[in-house]
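Structures follow.
Two complexes, one shared chain (chain A), two partners (chain B, chain C).
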Partner chain A sequence: MGRYVVARLLQGCLTLLLVSFVVFVLTRSSGNPAVLNLPATASNADIERMTRQLGLDRPLVEQYGLYLAGLARGDFGESIRYQVPVDELLAARLPASLELAGIAALVAVVVACLLGMLVPLTGRRSVGAAVNAVSLAGISLPAFWVGLLAIDLFALRWEMLPVSGSGTPAHLVLPVLTLTLFIAGGMTRLLAAGVSEVTAGPYVRAAHARGLSTRRVVFGHVLRNASLPVVGYLGAYLPLLISSAVVVETVFVWPGLGSLAYDAVVARDFPVIQGVTLVGSAIVVLVNLGADLAIAWLDPRIRDGVAG
Partner chain B sequence: MSRLSNRRSNSALRRSTGVGVALLLGLSAGCTAAGDPEPAEADLTVAVSSLGKENIDPSADTLATIGVIGAPIYDWLAWPAKDSTLGPGLATSWTESADHLSWTIELGAATFSDGTAVTAEDVKFSIELHLDPDATSSLSGLWRSKVTSVTVNSETSLTVQLNSPWPTFPDALSPYEGAQGAVVPKAYYEEVGAEGFRAAPVGSGPWRFVRHDLGSAFVYQRADPDSYRQPPGYENLTVKLVAENSTRLAELRSGAVQLAEITPDQVAQVREAGLQVLEIPDFTDTALTFFGEGDPRAEDLPTGDVDVRRALALAINRPELVERVLAGYGTIPARFIVGEGTLGYDSSWQPESYDPNQASQLLADAGYPDGFTVDVYSAPIAGAPWVPRAVEAIAGYWQAIGVQTNIIPTDYGTVSSLYRQRPLPDELIGAAMVNLSQVTNSNITLQNAYYPSSSVVYLLPTEQMDTLSAAASQAQSREELGAAITEMVDYADSQYVAFPLARTPSLFGAAASVAGWSPYQSGYLGMQLEELRPKS
Partner chain C sequence: MRRPPVLASVVVLAFLTASAVPGLLGLPDPNATDLTNQLAAPSWTGDHPLGTDGLGRDVLSRIVHGARYSCLVAAAAVGVAGALGVAAGLASGFAPRPVGAAVMRLADAALGIPIFLVALALAVARGPGIGNVVAVIGALLWAQYARVVSAEVAKVRRLSYVDASRVLGTSTWLVVLRHVLPNVSPTVLTLLASQIGSVILLEASLSFLGAGVPPPAPAWGTLVADGRDFIGTAWWISALPGAAILLVVVGLNSLADWLRERLDPRTRQPAPAAPVAAAGPVPAQDLGPAPAAGPAGDRDPLLDVAGLRVTTAGDRAIPLVDGVSLQVHRGEFVGLIGESGSGKSLTAAAIVRLLPQSLRMTAGRLRLGGSDLLALRSAGLRRLRGGLVGFVFQEHTSSLDPTATVGSHVVEVLTTHCGLSRVAARRRAVELLDRVGIPDARRRMSSYPHQFSGGMGQRVALAAALAGEPELLIADEPTTALDATVQARIIGLLAEVCATSGLAMLLITHDLGIARQACDRVLVMYAGRIVESGRTADVLERPASPYTRALLQALPDLSADRDRPLGSIEGTPPAPGTVSTGCRFAPRCPLVRPVCRDREPPLTGRAGAGQLARCWATDTGGWAA
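Right, the complex of A and B next:
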């Protein structure tokens, strides 16, 4: 198992190196940030000076080499827009994003488990249709629109929650709700299908026949086996969750990496774009590793394969 | 599954669901209790679409940013009156030398919010910050090219030496022209350094700085200054960044903010909600700009012909555009970005009429009776979501005279970094875009950024434009400068490289509890905030 984890971590490092190169090249093909970060009345000499200061007049390979050398020292560079070290920005914003995405993922798992079990265990078509409709809506509705609708209903009409911002649990509810709807939709459908398949399995009937309580059957056998694809889904859906968080954080003025990334892209703030992308990619790599390990833990067949 | 196990499952499920619902309800109830407290009457929170680079140091950010986040805490040497004429600020007088190569400034009594007096040394230091080659403030390049030295004569007097006459130098000391007139305390700045000053700036304005949450907000407190400006009507001021238009409006409707930047299409919703609409008049010009004039690559292209550009301009029904796209919130300017308070403004200037027949005739005369296809870049701009709709409307007007529009959707950062490249990239030659520019009462802005080849956004790098611009730069008196600017603006207007579509106010939704303001025409938001008061 240890060798497997080390191998996956090394693979993750290679992935991050590739991501850093692709993002580095793409950002630099999108324009010179000096012209966007100087006033319109700046002279061409001003632009040339700032371009030199940013090191953008050097060959691309040299720029990338310097960037990697900085990364090796833990130096992500300095934000062109805010003129502060990128690692400070990331440190200030990352906790808020992790809080939002983490709670949203957790709530989504709870909701998906409840809804996913509701359909096969009740066996009612009407319940199945309702859950199907809700989960389809979660997948199909744009997070941007859901966010604005949630603001209109919960903050303006019913005055239950603040429109936007951060700092109290109340501020978390609407962005979490918006992200949860998005993640839980797909997860519910997978779990419902999984539960249907598992409950029809012979070992579940055998468990009932042995006189095990329904709770032990549901939580010990059905849910454990039905959750395998869901864990995989979480890992695969994380990049989408991160990209949705950009929209959700902007709509709810949530001070996370998403809104930072949006501002950085608009201002062509290369170091911040690179920093946010790298951190986001590292999270995806780590969560996918975690998901694979969780699947291995849940499924002895895979666990044995990994250990072997 | 058997009926029995089904019942058992249902029972377990009901219990689990019940626990889950109870948890969610508990969370929701706890959250509601912990929600935003109602803002106190002494608090004014303002939601804006951009905070620029969020650098409150006057020498390090654009005037558009300093005019919003810096104006509450800094005083300027000169301060405009409501009719756009220049009045005293920290300076009580300014005198030009006989040889036109220096200006002497006399200061009145004022104190910074840390209790120290504003002196001539502070003013010299503040100006010299902009003379540093690394200063990135608006017009710092111009100041570097004009100012040779600053000499302190006494505690309250200093002289600025120039290398060429600058008849409107006093105007340059006001917030209409730049941040160079904003004064910071030398001793404090030197003690804490540029980074320390940015983190905790000090000025002599009506508010004192409290806190900056990067990417979120600036917080201020009333300072009750002994200056020429009004004491603020609120004890606490927060200027917060809410980039999304709909969220800003929702914040206003919920009472979380008392003032929010809005777009013209949101005015009806603001009024329906029983809120007020406040305006800073004549703030922004939306214009159709063409790229490549003066470039040999554009000579054989349709839009390289001034008559074709005029035809395209005449085909646009601007009053209808204002009504449909800007919800009626706009006027038709006679000249691009020239404010009525600008030196050289000519009150006889009239906007061109909508005339599609003449447009068709001009196209036919120019050799395009069957029209052609033109590329138009369409990029939404912060605070101006109507731009893509304006592009679509223009495409419709041009189709009526046989011109097809190839709309290129893009983001503003991409296209603006393209049109600032020298030489212009091939794809921009002969193309157009709908762009926004702030209406200016600044002679300097007009003089130095009105499209000559020396400016960053040169739309008209022709020999004639450069000659006119140089003449304006060398003017020795206000009269000479005014005449030069009039001629320059008229020439630019005749070339149809930047055809003004509409002049819009800067719009704000305000809570019913806020008394209105008497705005500075084309002034920055930060200049207005001390005027706002709770309704009595």
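Right, the complex of A and C next:
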């Protein structure tokens, strides 16, 4: 188990290194990277100073080393737009993002479990078709569009909820709902697929043959086994989820990393978008690690190193 | 199998047409501004059926022309990712080990990169552009293909014909072309189809944020963003392009679902098992022969089945079990023998009405321990399953939940059927595991099924079957998956446990040796029919049906002359649904006569006490053997 965690951590570090490398290549691919770190109005003298400050006169390998060392110290540079160190901006915006995404994920898990369990509990094909249609719509909805429609209807037309911003629970409702639609759609699809595979399996038949009630079979045996692929696919699914989170934050002007990223795109604020990308990657790595540990907890065969 | 999604195909086709020839509808220039006609509402009679935006541009025209960008980006990005990924996957499968491992490590690491944020960073570094979007999505999605392809290559490589062709000196690339690519392509195609929808969403999100296709190109994400300032006043500007995205992505995803189902052999299997299958009234002619007398004096059998029929659902109800009647008396061990596909396992499942949803059953009589199973509803059936009847299946790996401890399997039966508290149930479970010969039972309670050997696992399954204190144990090929030495021990244990607790046993097996070792009586099944039944000694020493004889000849016998070739039965059993009025064994039977092909013989009495057989040729009343 310990070796497993260490291996996963190393894998995560490799991912982070890869991301830093990609971002590093990006900065060097667009001419003089010093320009990216300065406002458009910067003078030639400013650019020269920045060139020396970033060590751009040294060999490339050394530059990458310096760059990594800076990142390790939390030095992402200074925001062009806000004129403050990027790490301070990130630290200020991270909690709001975690709040929104965390609540949405929680709601989504509950919704997905309820929908996924409906089919085996009722045993009806029509229910399966309905769940399939709803979850298909969920993953096909453009989150930014749903957000705008929600604002149009619930905030502007019916004036039930605030248009945007944060601070009260009412502010959470629309962004959470919009984000949940997407997350729950994907989760439900994976869970429903897992459920139909597990319920067709021999040990579920054996559990029925032991006279257990359908509810007991579903919650005691089907749910745990069917959730394995859901957790397993989380890693592949996360990049898509981030795109939804960013647009939802942007649409609702939620003060998180996503809207910070949008500001950075509009203001062409490279140091900020670089910081958001790296923090986002770190979050992905941590979530993937968590997912791997969850699988090991759910499936004793993985814990023992037996192929599942 | 679901129907092809016609509606989805129409939507996707319309989308493709719009992206190929957007000028088809004779729409105005999507970028022509008309400041006298800003924010015109949709109207079918006016010049702008879907209205105009803040600059007076025609919304319908912009949506139709916008299809091109979604299509272009999606096709290019998925193409790049697919090509890169397939190449990397093939390389990792065929290249020397360290290279392959390194490629896969890289793929795993790439899967964890948040594509969307990198795309945003690229847009900031170099300005928005279609090339950026394609490059980023393509460069980061390849890993999924690489993973799938390399797994498939590993699978294909294990197939012996690939090795064989390598041994024959075929070059690696020819092997790839001939064997790997055809095997990989369904998986890759499915992945491709399911990714296009998400890539369109990714591109639209990027364009919405101003980091995708740069304006003034009317990409759909840009169109929605254009309307952002007008929500509440001019809903159509962002609502309609968004609806277009939704339609196309739903269409693509349903097509992908359909494709996956078509290409995945697993989804072609019958529907999952349902806890309760329907039982209906039975026509009188299906009742079969009158029950044969059991052991002397016992007129009230524990299990009494008459005229059991199991058919496939649907218009063409193909019979799989056809008019089976059998009795098991208290304390009796009965063997149900037959080849795979003879319907013996279905018979056992039908007894407790546990059939796949795709099958239907009917029976004239189905009684167990005095209750009528045909009249029972699901709650009553549940009390019976695991309560009155214990089941042991073929392999413990398939009858025990891999994520639950072995102890919990026994405990849940005890709490369900015996009303024990969890603490009492755990105590009793330890006793039961100990009873079936699990050493150190208390400690092993918290072990998992995969930590048990086949024999030990079957002991656990037996303990779970015994927990509900049943009167009948149905063992369905309980030792087939075990080593020969363990087989004998498990059969011995089954017999010993049943004998000491006075349980009756219905043992389903294809192995005559096991039946001979354990059973008082046997029934032989062929193609859904009972062809012979009687006391074990009678049936196996003096078989009256040519099928039983053939089975016996196919049994290796240590005392027989080893130079004599082992018998095997010529031909194969008839496929279910084959229509025949005659004896079902006739095409393979060495004793076949003309009458056999015309009329099916009834079960008639034979030499042994209560021995019945279904054969014209050996029926002493008609023909000499």
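Observations, loosely collected:
In this section, the second predicted complex is superposed on the first by the 250 of 308 C-alpha atoms of A that agree within 3 Å, B and C clash if a C-alpha of one lies under 4 Å from a C-alpha of the other, contacts with A are read in each partner's own complex, and residues count from 1 in each chain.
Note that in this section a contact is a pair of C-beta atoms (placed from the backbone, for glycine too) under 8 Å apart; a residue touches a chain by one contact, two chains touch by 3 or more.
Predicted model, so just to flag it, every value in this text is computed and none were measured.
Of the two partner chains placed by the overlay, only chain C lies in contact with A:V284; chain B stays clear of it. Legend: residue contacts after superposition of the two complexes on their common chain; A:A294 is shown touching neither chain B nor chain C. Touch criterion met: A:S213 reaches chain B and chain C at once. In the superposed pair of complexes, A:V127 makes contact with neither chain B nor chain C.
In the superposition on chain A, contact is made by A:S43 with chain B only, not with chain C.
Legend: residue contacts after superposition of the two complexes on their common chain; A:G235 is shown touching chain C, with no touch to chain B. In the superposed model, A:L66 lies in contact with neither chain B nor chain C.
By the document's definition of touching, both partners, chain B and chain C, reach A:T199. By the document's definition of touching, of the two partners only chain B reaches A:F252; chain C does not.
Annotation: chain A residues 30, 36, 123, 148, 151-152, 156, 199-200, 204-205, 208, 213-214, 217, 250-251, 262, 265-266, 268 touch chain B in one complex and chain C in the other. Here chain A touches chain C in the complex through residues 11-12, 14-15, 17-19, 22-23, 26-27, 29-30, 36, 123, 136-137, 139-146, 148-149, 151-152, 156-157, 196-197, 199-214, 216-217, 220-221, 224-225, 228, 235-236, 238-240, 242-244, 246-247, 250-251, 261-262, 264-266, 268-270, 273-274, 276-277, 280-281, 284-285, 288, 298-301, 304, 306, 308, going by the rule given at the top. Within the complex formed with chain A, the residues of chain B that make contact are 1-2, 5-6, 8-13, 16-17, 20, 27-28, 30-32, 34-36, 53-55, 60, 62-63, 133-134, 136-139, 141-142, 213-216, 240-244, 246-247, 250-251, 253-254, 256, 382, 411-414, 416-418, 420-422, 445, 448-449, 454-457. Residue ranges on chain C touching chain A, taken from their complex, read 105-106, 108-118, 120-126, 140, 144, 197-198, 201-202, 204-206, 208-211, 221, 224-225, 227-228, 231-232, 235, 238-239, 242-243, 245-246, 249-250, 253-254, 257, 266, 269, 271-275, 352, 354, 357, 378, 381-387, 391, 393, 395, 398-404, 409, 412-413, 416-417, 448, 450-451, 461, 464-465, 468.
The touching residues of chain A, when paired with chain B in their complex, are 30-33, 35-47, 49-50, 53, 81-84, 89, 92-93, 110, 114, 117-118, 121-123, 148, 151-152, 155-156, 159-165, 168-173, 199-200, 204-205, 208, 213-215, 217-218, 250-253, 255, 259-260, 262-263, 265-268.
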